[in-house]
Structure formats: structure tokens, C-alpha cells
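Both complexes shown next keep chain A, but they swap its partner, so chain B is in the first and chain C is in the second.
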Partner chain A sequence: MIATMLGFAPLARARGLSRRSPMAAIGVLILALFVIAALFEPLLTQYDPVAADTTALMKPPGGAHLFGTDANGMDVYARVLRGTRYAFGIAIPAVLVAMLIGVPVGLLTGYLGGWTDEVLMRGFDAMRVFPSIILALAVVSAAGPSLVNVVIVLGVLDAPVFARLVRSEVLALRSGGFVESAVAAGNTLPRLLFVHLMPNALAGAMAQSAVRAAWAVRISTTLAFLGLGIQPPTPEWGAMIRQGAEYMVTGQWWVGVFPGIALILLSLGLNLAGDGLSELLDPRQRKAG
Partner chain B sequence: MTAIAELRGLGMRFGPMAQGVHALQDIDLTVRPGEILGLVGESGSGKSTLGRCLLRLLAPTAGTVRFEGDDITAWPERRLRRLRSAMSMVFQDPWSALNPRMRIRALIEEPLLLHCALSAAERRARGEALATAVRISPDQLDRMPGELSGGQLQRVCIARAIATNPRLIVLDEPTSSLDLSVRAGILDLLAELRASTGSAMVFITHDLATLRLIADRVAVLYLGRIIEEGPAGRVLADPLHPYTQALLSAHLSADPAERSRRIRLQGEIPSPINRPPGCSFATRCPLAEPRCNAVQPPLLEQEPGHIAACLRVPEGSNRLVPPP
Partner chain C sequence: MRRLALLAPLLLIIGFLTFALLRMGGQDPTAMLAGPTATIEEINRLRADYGLDQPMPVQFGIWVGHVLQGDLGRSWITNRAVLGELIDRLPATLELLLCGVALGALLGIPAGMVAAFRRGRFADFASRALALFGFSIPTYFLALSMLLIFFYVLEWSPPGMGRLSLMLTPPPRLTGSYTLDALLAGDGAAARSAFSQLILPVVCVAIATAAPVVSQVRAIVLGVLGTDHISYARAQGLPHAMISRIALRGAATPVVTFVGAELAGLVGTTSLIEYVFAWGGVGQFGLEAIIKGDFAVVQGYVLMLALFSVAMFLIVDLMVLALEPRAALR
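Right after this comes the complex of A and B.
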């Protein structure tokens, strides 16, 4: 029984996933490769991603440098690998911050309704009127381009998405059923929200988390590309693409293209896995047959 | 004798003022300590709404709700919470009345956790004693609600309802969603609990056979009004209101030898949105006279403790089937 739980269940589930949704399985595979890259980066390359080597400036891909080197003589392959850590390091905390704000707001507005709902949700609507990239640009340029600032800004900007998802689940749950029986038993409001409603209202939010992480990666690299996020020579993909863009016209494409491909692949992986996750977690979206 | 719960002039209206639905109107009802009060009526008659108003799970739009003398009509939920250990409810659908993500043990212990200052070990012991009382076996305590049957889930709901020794339990059709064979077990259990706990129970049902078994008093609801109320023996044996008579005649006896003399009602139930001025049963009543459509019949005491709202009772012409 324990063996089944530890060893075979994930395998069986992976087989089930690939059968039910091959695209989601591809997404999970891509994600797994990036996770390996982030965790075992020092084992996958002999180069230090921030060590300048003046003897090997702008080397094309091949030979000792798989993806070539950039204007500082830094190995692009090592830098792309290290960039994975920044991508995950921003996306995961940003999604957590978004859930930390969005989930309680969604629970409260969904359950209480009335004025609480109007004020909080209209506030969030007002936030969503602006394109998120513009807001992110404005706030990061005001607060200063640090990793922590980027994470907080992305988290706050994405909170309305989670609030809405949780709110709609709570709306469906609050009338009657176990919520009423929990009120009749004398539950306090916080216990009602976090013990009774939250575990039952989180499926939609969990399913969306991977897709939102893809969004966070995209926005954070865009900020870095525009020079507002993490600054070079830190091996962040957005910053690397910005660097590489300058050399594109002179034919030294490898500095910008490789981090660009990495960004597209991670985005794709997160989106595919996210769609698969929503199908698995949300029975309403599950296709018949 | 002080009442456990008392409703006076209770009204409940859903929706906007102009076109709202009148779920309850002018309800006067008293629940006495330790009694089982049966509440009957067809779907949409307001039985469940009345039960929820008694426990203040709903705030009525008119009248007062008293619990042990306190007027709790306008109490906020924060203040009601302390009363929740003295009143409880068993819901109609046991599948949806329990949080699907909590273990049975946690569900049964929850009222104790909320209202009683007990150590974890004491709570666990009390929870197990409650489970035994409702015949839930110890190995079921660590299961999730989805793994139990409807009858077992309803037992869990009953264990929750009696956990804090409440003085009032409202049971909203607790057996109507269960199989007949399971139903008998639940009714036995309730009768047993009533003897051991002494809680007053309000038993909401549309099943008259159930009431015959356990109710002390019966109140009949029709379209949001009480039309007859009295001792269970009297109301069920000799119903005064034509509607109660028709309702009783619709009940099939378990004895195949007994010939049923079923009274078939013609006509439509009036809309609760646009209620007729007179007796709301007049549209279907075989005995209706023109005045029934004009005057709202008052609830009058027709014999000691037995009240009915029918204009034709005083003249003795209220029988759908003449007594043999």
C-alpha cells in the first residue's frame, strides 16, 4: 500500500496524464527539464555564468562554448542555465504573494457579499483597467529595480485573478450545504473562511497557478529587457536578451536567441502543464469520454 | 412552563419589496421544553424557512423570534454564536451538509471544539462516545464523508447536532433523502435520543407516518401560514382543516387490507407572489364558499389546544368525508 503511494501512484498518474492529455504531458516534461537545469546547473556546465573571459569575447556557438560567449566573454549556455533559477525564483514567490492576497480577499468577498464585496472587487477592477505591464513598469521604476520589488509588484498585480477564482467558488458554496451547517454549529468567521471554505474553493486557483507563473515569467523578463528589473551582468533572461539585441544586427545572434528560446520554452511548458492541471483539478472542464 | 423557542407574528419575504415572495406570514408558534413538534406541509409551504428562522439562520422580515425568553430577532451572528451550543440543526441532505474535506472524527468533534473547553483527549473521548451513541463504528471515524453511505452520514449529522446537549434541535426532513430501510433506523435513533437527552425537537417533514410515530404536537403549514395546530393524536386522528384531511387521505397505509379513501384535490396552489385575499386553500378546497375567497380565516381554538383556520369549522361543515 505504501509502495503504491510512494512509487507507483505518480507513475500511474503520469501515464494517465499522457493518455488523457498528451500536450499536458509535454508541458510537464519541459518543466521537469527546467527544474533539473535550475537544481543541477553547476553539474551541467564547467563555466561560471558571471566569470568574464577576455580571451573569448563573442565566440560563436560550438567548440568549448556550446551556445557561444557574450561581449564580456561569459558563457551563454551557463548563463541560460543560471537564468532558470531567476525565472523560477521570481515566478514562484510572485504567485505565492498573489495567492496570499487574492485567496483571503476572494473568500471574504464571496462569503460576505454586500459592501465588502463591492468595495474590494471594484478596487481590484480598477487595478485591472491598466495593462499590467504599464502598472508594473510604473511601480518598479518608482520603487527601484530589485528582485524583491519585482516579486511584490507582480504578486499584487496578479492577486485579482486569484480573488475572482476563489470568489466564484465561494459564491457557489455559500448558500446551503455544509457552509450553512457550519454556521449552525457556531463557527467563527475566520474558521468558516479558512477551515471550511478555503479547502473547497481552492481547486480553480491551484489549477491556474502554473498559467499565472508563466505570466509572471513573461512580465519579469519584459521588465528586465526594458532595463527595469534585474540588471546585467546578472544572468537573467530578459537582461540577456536586451544585451543580445544590440548584436543582432551585426550577425552575432546567439547572445540574444538562446535566452529567448529558453523563455519561450518555459512559458510554453508552464502553459501546457497549467491547462492539463486545470483539466485534472476541475471536473467541470473535464471532457466527456 | 417557559417556552424554548417562540415565534410571534413571524413573516419572511424573499426578494424586493414589491414583487417579493412571501414565504411565511403571521406565524405564531411555541416550542416547549422536551417536546417533539412536527411541522408538516407540502413543498414550498415554508417549513424549512420556518425552521431556519427558529434558529436564526435566517433573519425574518417581520415579527419576533425568542429563544428561552431572549428576543434574538436582530442579534448579529457574532452574538448568536454563543447560543449555537444550545440549538442545532439536522439538514435534509446529509451528502452536502458535511464538509467533504474533513474527517468524520473532526466533523463530530467540531461543535465540542467550538463551544466546550475540553482538552484534545477529552474531546476525542467524547467524540467517540457520540459516535457510539449514533452507531458509527470507530473505524469509520477516520474516513472522509465521501466514503460513507447516506444513512451513516445522517448519523454523523445527528451526532454533531447532539454533541453540545442542545435544548432545541431542528430536524429538516432528516429522513426524506434516505432509503426506507435506513429511515426506520434513523427514527429509532431519534426516539432513543429524545428519551436520553430531553432536547426539544422540531421535526420538519411531509411524511405523516413519521409524525404518528414520534410527534407530540403537529403544526400544518399551507402556503406560509399555519392552518392547523394541536396535539399529534388529535390532529392526525381527527383533522379539522379540509387541507389536513386531504393530506392525511393521501397517505398510503401499510395495511393492504385497508381501503384508502383518497380525496383528490382539484385546482392550483395560488402563487405566493400574488396571494389571494381570503383563505389560501380556497382555490382547491371542495368545501369553499364565496366568503372563503374574501376573508382570511382566523386561527381559532376549536377544542383545547387544537386550533384551525377554517371558516366552516364552527358550523360543523368542515368535513370532506362525513364521519361514519
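Right after this comes the complex of A and C.
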């Protein structure tokens, strides 16, 4: 049961993934490449991503520098590789924070209903009045743009997505026989929620996690692009695109374009894998296709 | 209509939360305003001038009082009334947003329908792949890439520096859209320049709009095609065109609801595009105010966003009512 809870059993079925969903298989492949880049970055390049070389400023791609160098003479390829760590390092904790808040809230409001449910759901509705980027920008700029703050803010802003998903599952499960027998057997409320309901209500949330990670990458790089969050010369993709933006229309395109392409590929991989994951984990989606 | 009754408390709560967030945040605009050479006394005098030495609930009360009289305060950066600043910049944003969303919907809705009707074939695959790409590219990078390709490489487009060539004077303001105003004033050169400045940002908004619309419309139409009455229509041997028409009738309501909900979120996307193209609309203004900590502007901008969203949802409700009179019973 633990394995089902963590989503291992469905993942074991993923071996047939390439046959059933080639798009999802491409997504997983792209993700695997990024994971390799994040883990083995020092082996993949001879350059230090933050070492300035004043003898090689703004070199175009090719020769000694595969993706060229930026205005500080730093190797763009090494910086794009290192940026993978920032992307994963923000997105994964942010999604975990979102689930850690959203799943219990969804379980509780879905099971109890009543005014707590009403108040929280209206609160989430009110949050949707604002574009998420504006909300993230406002909160991060007020809280101070540190890495930890960005992760927490993204997690909190994304928690409603998971709360809603879990809540709707619980609403459907609440009247089920196994809930009634669990109550009759004298389970405490936390035990009922986390042991009996959660494993059955988690599929939708698990399926969404990759897509939400893509969202977290997009928002966090946008913050860095706007100059909030991580600052240059830290090799974070959004900050690199900010550095490259002014050179985009003067001919030194490589400073901004390579991190941009990495960003597109990573979100593409996450979105493709996420679609495949939801087909595997959520049989109802398979029908809607 | 229940939404309308909730509007006043919603705006009050949103106003208060923004207020609290800004005041509790790390930014202190008075120090910035007074300049680096200011003494502590000067900063304190400025704080008193702006009422920032009062307790927060008192400040909020004063702010609400002023808002009710139509006074949103003054920008600390441009030193002009916030309401005037917002109203001056609103047409530029609306022009961009409405043209972009219209173009995006015009491309996205048919593409989604074609994908659903030709499920599993090339058209389906192509439109889904394009939607996925549009969904994966960050808005600001899309805007930068557009400038790189169409301004720098191909030289088809003017640089992304505002709404009109710097050599031209803006036309007299009637609608607020430079293109329309220039046409109305009979100024051909200004109209051409304004229109060519408009194309790239509008295409960016359209791409950002179309991507989610394609996949959502596809899912909605597929859902409708699976219903009993479509199976019945098929079993009767009705012509293909007629079945499509019946399916579209059923898909209209959810599609309108979805596009309406998207529009509220697209305000954020549009402000990023404005930022890259230096469009000077209300989105860019609000974005920069948040980054610089221009409290009064952020406050007014947030209020305006909330009003815009509520208005959008209201329009969607009315359109649904017109499309489906049954909904009134709910």
C-alpha cells in the first residue's frame, strides 16, 4: 500500500510508456538529460560557470566556447548546465511545499465540509482573481527576494491547486463504504484522513506534480528575469536571459538564447512527462484523452 | 448576481491584504525618496507627511476614505495622481490585450476543434504540438525571440521601443489606441508606425492565449462528441457538417467560460510582454511599481486588476446566459 501511495506501482507500469504514449516517453527522455546535466555538470565542461575571463569577452559560439561567452567572459555552456541545478533546486522543493500544504487542506475540507470548506474555497477563488505572476512578484518583493523566500512563496501560491484536486477526490470518496467502515472501526480523524483517504485521493495530485513543477520553473525564472530573486552573475536561466536581453537586438544573441532554449526544453519535458503521468495515474483522463 | 453582492467585501479584503503586505514588507520608500544624503529627521518628516508614522489600521482607514472619493493617492516615482496615471495607460494595455486575445481565440478555437474532429490524425498532432510549444515557452523569452528574429535578423519590424516611432508625434487622443486615433485624424504615417509597433506584441499575446485554448477546446469538443445525442445524430446518418454544428452548439458555453477565465490571467502575461516591448501600458506600470515599491501605485493597480477580473467573470456569466437560457434556473 505504501508503494501505491508513493506512486511506484503505476510507475512500474511506465515501462510500456514508449509504446502507449511516445510523447510522454520523449518528455521523460528530455528530463533524464537534464538530470544528468544537473548531476554531472563538472564532467561535462572544463569551464567554471562563474569564472570571469577578461581575455574572452562576448565570444560567439564555436571554438573553445561551445555556446560562446557573456559580457563577463563566462562560458555560456557551463552556465546553462549549472542553471539546471537552480531550476530543479527551486521547482522540486516548491512543489513539495505546495503538496505539504495543499494535500492536508484538501483532505480536511473535503471530508469535513461546512464553513471551513466554504471559507477556504472562497479564499482560493479570490486568489484566482490575480494573475499568478503578479501575485508571486508582489509577495516576493515584499518578503525579500532570497532563494528560500522564492521557494516558499511559489509553494504557498500553488497549494490551492493541490487542495482543490484532493478535495474533489475526497468528496467522491466520502460516501464510499470503506470510509464508513473505517469510521465504525473507531479510527481517529488524522488516521482516517492520512491512512485511509489519502492513498486513494492522491492520484490526481501526483499526476499534476510535473506540470506544476513546470509552472514553478516558469514563475521563478520570470522573477529572476525581472530582477527579483536570484541576481547575476549567478548562473540561473532567468537571470542569464535578463543579462542577454540587451544584446538580443545588437547581434550577441547567444547570451540570452541558450538559457532560453534550455528553459523551453525543460518545461516541454515536464509538460510532456506530466501529461503521460496523468494518463497513467488517472484512468478517467485516459477516456477523455 | 451573487458575485456582485460579494464584490464590495472582496475588494475591501483584497485592498487590506495588499496594504498589509506592502507595509510589512522590507521596502521603505521614504528612505529611497529622500535620497542617500537625507538625515534621520528628514526621513521622519517625510514619513509623517505621507502618514506612514500612523498605525497600519489608521493608514488603511484613511486610504479607504480617499478611495471612496476617487483619490488613489500619488505615485512616489512620477509624483502624479495614481488614478490619472492608470487611466492614461489603460487604453494601451486594453488595445494590446483585446487584439491579442481576439487573434489568439480566432486561431486557437478552430485549431482545437479541428484537432478534436480529426483526432489521432496529423492535424490533431500538429495543433497539439504547437500548443505544447506555446505553453512551454516563457512569455518574456517569446517576446525577446520575436525581436531577435523580426527586428534584428529579418529587419521586418521596428525596434520594441514603445507604441510609436520616436520621430512621430502621437495623434490627438480619442480612443487611446494610437492606430485608431491616427486613422481618425487622417495621419497616415503615424497610423502605419503605430500599427507596425503593435504587430509583434499582439502576436505574442495571441500565442500565449492560443496555447491553452487549443488544448482546452479540443478536450471540450471531444467530450461533446462522446455524448449520447451526437451518437444519435450519427446513427441517424446526418451529414457531417450538421453533426459538427450540433457539437459546436454544445461546446460553446464551456469554451466561452474558459476563454473568459483565461483573460483574467492573461493580464499578467500581457504585462511581461509590455515590459519587454516598453509598451508603457498599465501592466508595465504596475509591474515596475511592484519592483520599485511604489506603494500607492501597487495599491491602485491591484484594485484595478480585481475590478477587471470581476467584470470579466460578469461578462462571461451574461454571455453564458445568452447562449444557454437554462443557466438562469441554476
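Note that the second predicted complex is superposed on the first by the 271 of 289 C-alpha atoms of A that agree within 3 Å, B and C clash if a C-alpha of one lies under 4 Å from a C-alpha of the other, contacts with A are read in each partner's own complex, and residues count from 1 in each chain.
One rule holds in what follows: a residue touches a chain if its C-beta (ideal position, glycine included) is under 8 Å from a C-beta of that chain, and two chains touch if they have at least 3 such contacts.
Note that the structure is predicted; figures quoted are calculated from it, not measured.
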Clash or fit (per the criteria above) of chain B with chain C on chain A: fit
Partner chain in contact with A:Pro199 - chain B first, chain C second, else both or neither: first
Partner chain(s) touched by A:Leu272 [first = chain B, second = chain C, both, neither]: second
Chain B versus chain C as contact partner of A:Val129, first or second or both or neither: second
Touched partner set for A:Val183, first chain B, second chain C, both or neither: first
Superposed model, chain A: greater residue contact from chain B or chain C: C
Three-chain overlay, vertex chain A: chain B-chain C angle, C-alpha, nearest 10 degrees: 100
Which superposed partner A:Leu29 touches (first chain B, second chain C, both, neither): neither
Partner chain(s) touched by A:Ala214 [first = chain B, second = chain C, both, neither]: second
Which superposed partner A:Val257 touches (first chain B, second chain C, both, neither): second
First (chain B), second (chain C), both or neither touched by A:Gly144: second
Distance in angstrom between the closest Cα atoms of chain C and chain B, superposition on A: 17
Intersection of the chain A residues that touch chain B with those that touch chain C: none
Of all residues in chain A, those that touch chain B in their complex: 176-178, 180-189, 191, 195-196, 199-200
Residues on chain A engaged by chain C in the complex (per definition of touch): 126, 128-134, 137-139, 141-144, 214, 218, 221-222, 225-228, 241, 245, 248-251, 253, 256-257, 260, 263-264, 267-268, 271-272, 288-289
Chain C residues within the chain A interface of the complex: 10, 13-14, 18, 21-22, 24-27, 119, 132-133, 135-141, 144-145, 147-148, 151-152, 159-160, 219, 222-223, 264-269, 271-272, 275-276, 286-287, 290-291, 293, 298, 302, 305-306, 309-310
Complex interface listing, chain B residues touching chain A: 55, 57, 77, 81-82, 84-85, 88-89, 91, 93, 96-102, 110-111, 114-115, 157, 160
